[in-house]
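Below you'll find the structure I mean.
A, B, C and D are the chain letters, set down in written order, and residue numbers restart from 1 in every chain.
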Amino acid sequence: MPEAKPKSNWKLKVHEVIYEADTPAGKFFDIVLLIAIIASILLVMLESIESLDSKYHTFFNVSEWVITILFSIEYILRIISVKQPLKYVTSFYGIIDLLSTIPKYLSLIFVGTHALVAFRAIRLLRIFRVLKLVRFLSASNHLVSALRASRAKISVFMLAVLIITIILGTVMYLIEGKEHGFDNIPKSVYWCIVTLTTVGFGDITPQTPLGQIIASLIMIMGYGIIAVPTGIVTAEYSKKEKETENEDAHAISPLPKHPDEIDVNSQTCSNCLNTKHKDKAKYCDQCGYKL
Amino acid sequence: MPEAKPKSNWKLKVHEVIYEADTPAGKFFDIVLLIAIIASILLVMLESIESLDSKYHTFFNVSEWVITILFSIEYILRIISVKQPLKYVTSFYGIIDLLSTIPKYLSLIFVGTHALVAFRAIRLLRIFRVLKLVRFLSASNHLVSALRASRAKISVFMLAVLIITIILGTVMYLIEGKEHGFDNIPKSVYWCIVTLTTVGFGDITPQTPLGQIIASLIMIMGYGIIAVPTGIVTAEYSKKEKETENEDAHAISPLPKHPDEIDVNSQTCSNCLNTKHKDKAKYCDQCGYKL
Amino acid sequence: MPEAKPKSNWKLKVHEVIYEADTPAGKFFDIVLLIAIIASILLVMLESIESLDSKYHTFFNVSEWVITILFSIEYILRIISVKQPLKYVTSFYGIIDLLSTIPKYLSLIFVGTHALVAFRAIRLLRIFRVLKLVRFLSASNHLVSALRASRAKISVFMLAVLIITIILGTVMYLIEGKEHGFDNIPKSVYWCIVTLTTVGFGDITPQTPLGQIIASLIMIMGYGIIAVPTGIVTAEYSKKEKETENEDAHAISPLPKHPDEIDVNSQTCSNCLNTKHKDKAKYCDQCGYKL
Amino acid sequence: MPEAKPKSNWKLKVHEVIYEADTPAGKFFDIVLLIAIIASILLVMLESIESLDSKYHTFFNVSEWVITILFSIEYILRIISVKQPLKYVTSFYGIIDLLSTIPKYLSLIFVGTHALVAFRAIRLLRIFRVLKLVRFLSASNHLVSALRASRAKISVFMLAVLIITIILGTVMYLIEGKEHGFDNIPKSVYWCIVTLTTVGFGDITPQTPLGQIIASLIMIMGYGIIAVPTGIVTAEYSKKEKETENEDAHAISPLPKHPDEIDVNSQTCSNCLNTKHKDKAKYCDQCGYKL
């Protein structure tokens, strides 16, 4: 177990407020952050509407600055209060936190970097952290593990679908040709995906009888093979459900207790950023750091 | 148990006719009401067709008044014959009953309040009461409880889908831009939902190669993730079905008897408006009021 | 058991050829009939293509007459060779057989009765008889009984969907109005069905922000509730499959042997038109008539 | 067991490199081939984009020749190194290998045979061999056998769908007619398939009220019957999964060990082209030829 020097008191306090949702201050912080994220996303969306932007440009700009500065302060506090700042900065959420504050500052230097607006939408991903969906997701854990178990099969299925669309896309390009909107093979493959997935925009449609016959086959195929991913997910999910059920039924089960049944809380280790801790844990079970 | 004074005889009679479907008079009343509701909805629909309205305006208007007055009388009788009128008035169906009569009267005072026509469509919800679908729904109760059990998981799923559409919508806005119909981010998110759900109107379509590649990914994703809600509902429904089956198989089941198997009738308690009563019940099992 | 006089020999012969597929002659007859039906449908389809019709009008007309006369002869032979002609004439296939020959004769009397062409497409239904799909369908019998068991639940579901579309259609009519293609409530309801079922023609699309928000909700709803019929059918079908499996497993099953497992053949009783007979049956199990 | 003369040493070496993926040389060859196939398909796709083709025509042409010659050499080596060349040439992959090299040579003789480009897309099918998906597919073998078990039922279902679309297509043709885009019955049937599969291009849409009512019915039907193939595949797949599970549970299973559990490798018999061999097999289990 690595021996670690205790951090200064205010840092510990900040850590508790920012990283944990179990204290009133932590809960309040999370709610404020959640509102800030949603407000920020709404701002990005409304700003993009020209009629609104021309009217309320100053309001949008000021609000955006307020939120950006708040996020910046939060980012700095997160770095300071964590034991291993580098680990946070290079973590998934660390990068997202940085990307969601930087565009606004860059817009000061480079005028008209409108494209950077996209990075602000990335803030939305932060919602997952604030909502501490970990706890909630553990309820739908069977679903996650069912999807994981299905991954390989669905990948093979998707590869097969891709190959089919490329071949049929080429065929459609040869049959319909430029004059009916099938300008080139990539566009024709795009049309094929649009049709096979039953989306059917209708911006490109086959005009020749032969093209329409092949299109019909693609549609019926798409209509039929949707059964495959559905069948896989359903069967895997049912299996997972049944496994847990059986474990519940036989108390002296030979199988190990399901990990979901361990009570976890939302404390985050200030050393290694591990988030799933047992309810009464006193030390991080990943790095031995005192919680 | 609250001691309640017996209502006057004619009120009891009215209560029986309006609220219960077990007597011939009650059945007759229900059928008339059902026809009135359907006729009323047809009127609303046909009135909205200009060519028909200009021809048969007077007929439509008179019929509408007849139905509105009938519904008003019914509403008043419902209030009178119930023990706790306030409870009825503030109940779900009480509000619907009011909302479905009031627009026509308001159209007398405020000329041209065409918008209120929508409230008349709300009458359709009354069908559920008339059809006393309670009994029928109990047959598909496994479905309802399966949907309830799936609710949390489907909510998480829907939240994830929403976040995906907002992020991808922003990306598409940046790639395609105003010139290809992606006027602003909300509209782009709308397009993203249209595409992900495989609806595909085709009023807005990506024109750039990169936009079409991302659109393809969205479509394939939408085509694949439809498996998730389907898988959840199917698995939950199968589980519920199996539970009942097991109970049927083991006569001396350790599990409590399934509530569906109790015979209920359509009597409505005149005190608390509770509708599910055991077939031979003499007192309301919710408030102890004599049926 | 009704005592029946034996039919004249040639009638019995005809009966065997037309109604049974177990003799070489019967099989040959069925194949010829199958080809005639498919040819007839192809004729109807090709005739409707103007460019082809103007070229090959005489060929189409003559072929159509040949097929019609063949079908007429077959119809008459069917009446003659059956014990109870009235029962055949009023049976499902009897009516279809009549409807598929009569239009051509009527076109002689009433010039330009193009609309009657539809009745010729009805001939397609005859395919089911020729293919003697009975035997084949019994293989997918679990599917049929699963669909039957799901009927009530799917009906309730469909009713709910219908009510939702009518209410949302009215709302969309009020929001979008005539100027955006939502001309009247029925058309708006039609749009709502197009959207909820994820078909999405795109001939009518919401233009107002509020309309697009509600449209998004309709689409997500449609995308989600497709899980309901799928879940019901899958669960019921799995149940049926398992039932049979259990019966197979326990030889001395307390449950009656599954009817599917009785070997049936395609003989048709010449008295009562019953088609499912046990392989070694000598008398019709419905009317006692000698096969 | 047929006695076979050993091939010359270099032929054996070539066989090992081309047909087997277990040696380093074989793995390297497979990776090169995979890259060549993907590059070749990308070339075909990019060539079809006019703006790119006019710019880089020479580059595309040269690259195409390089790949074609490589494929030709590979094809010849495959013929030489195999014991029974005729068997390879007439096998599925033999024909594909030929078809993917020949078009380029033909374009030398016949100028402007652009249509042959389609055959080059067939190269994509070769990917399945290179990826040696056999091993991987055996993981999703339950899926394949589930699909096989569902085949008959899905065929009946598809036949029924086809008959429905033909009849409804004819009805729509009669109702809507030429003036609304339903030019002839085949086109009308095409529209019907577009609608039933919920693709909904929107290039042809019903305009008459009656047409829209029938269209609504078709859409709801399509929305509902998608449950059928999904239900079949899911149920069959679940059954297969459970069977394996049961076998795993009961070690002394009365059922034979599941074939998937035999370790196979990617060696290909140079005599009979059989690809699934047990890991320690020394002779081909199909023809007895030494591996």
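By definition in this document, contacts are C-beta pairs under 8 Å (C-beta built on N, C-alpha and C of every residue); 3 or more make two chains touch, one makes a residue touch a chain.
Nothing here was measured: the structure is a model prediction, and the numbers come from that model.
Undergrad: Report the chain whose mean Cα position is at the greatest distance from that of chain D.
TA: So the farthest one, by centre of C-alpha atoms, is B.
Undergrad: Find the pair in A-C, A-D or B-D that has over half of its contact pairs, by residue number, in common with A-B.
TA: Equivalent contacts to A-B are found in A-D.
Undergrad: Could you label the chain A-chain D interface same or different, taking same to mean over half of its residue numbers are used by both chains?
TA: Mostly different residues: under half of the interface numbers shared.
Undergrad: Chain C to chain D: how many Å between their CA centres?
TA: 33
Undergrad: Residue numbers in chain D touching 2 or more other chains?
TA: Residues 186, 198-202, 222, 226, 230, 232, 234, 238 of chain D touch two or more partner chains.
Undergrad: Give the list of chain D residues in touch with chain A in this complex.
TA: It is residues 41, 44-46, 48-50, 115, 117-118, 121-122, 124-125, 127-128, 133, 136-137, 139-140, 143, 146-147, 154, 158, 161, 186-187, 190, 193-194, 196-203, 222, 226, 229-230, 232-234, 236-238, 241, 245 of chain D that touch chain A.
Undergrad: Chain C touches which residues of chain D in the complex?
TA: Per the stated touch rule, the residues are 152-153, 156-157, 163, 166-167, 170-171, 173-174, 183-186, 189, 195, 198-202, 205, 209, 212-213, 215-216, 219-220, 222-224, 226-228, 230-232, 234-235, 238-239.
Undergrad: What residues of chain D sit close enough to touch chain B in their complex?
TA: 198-202, 230, 234
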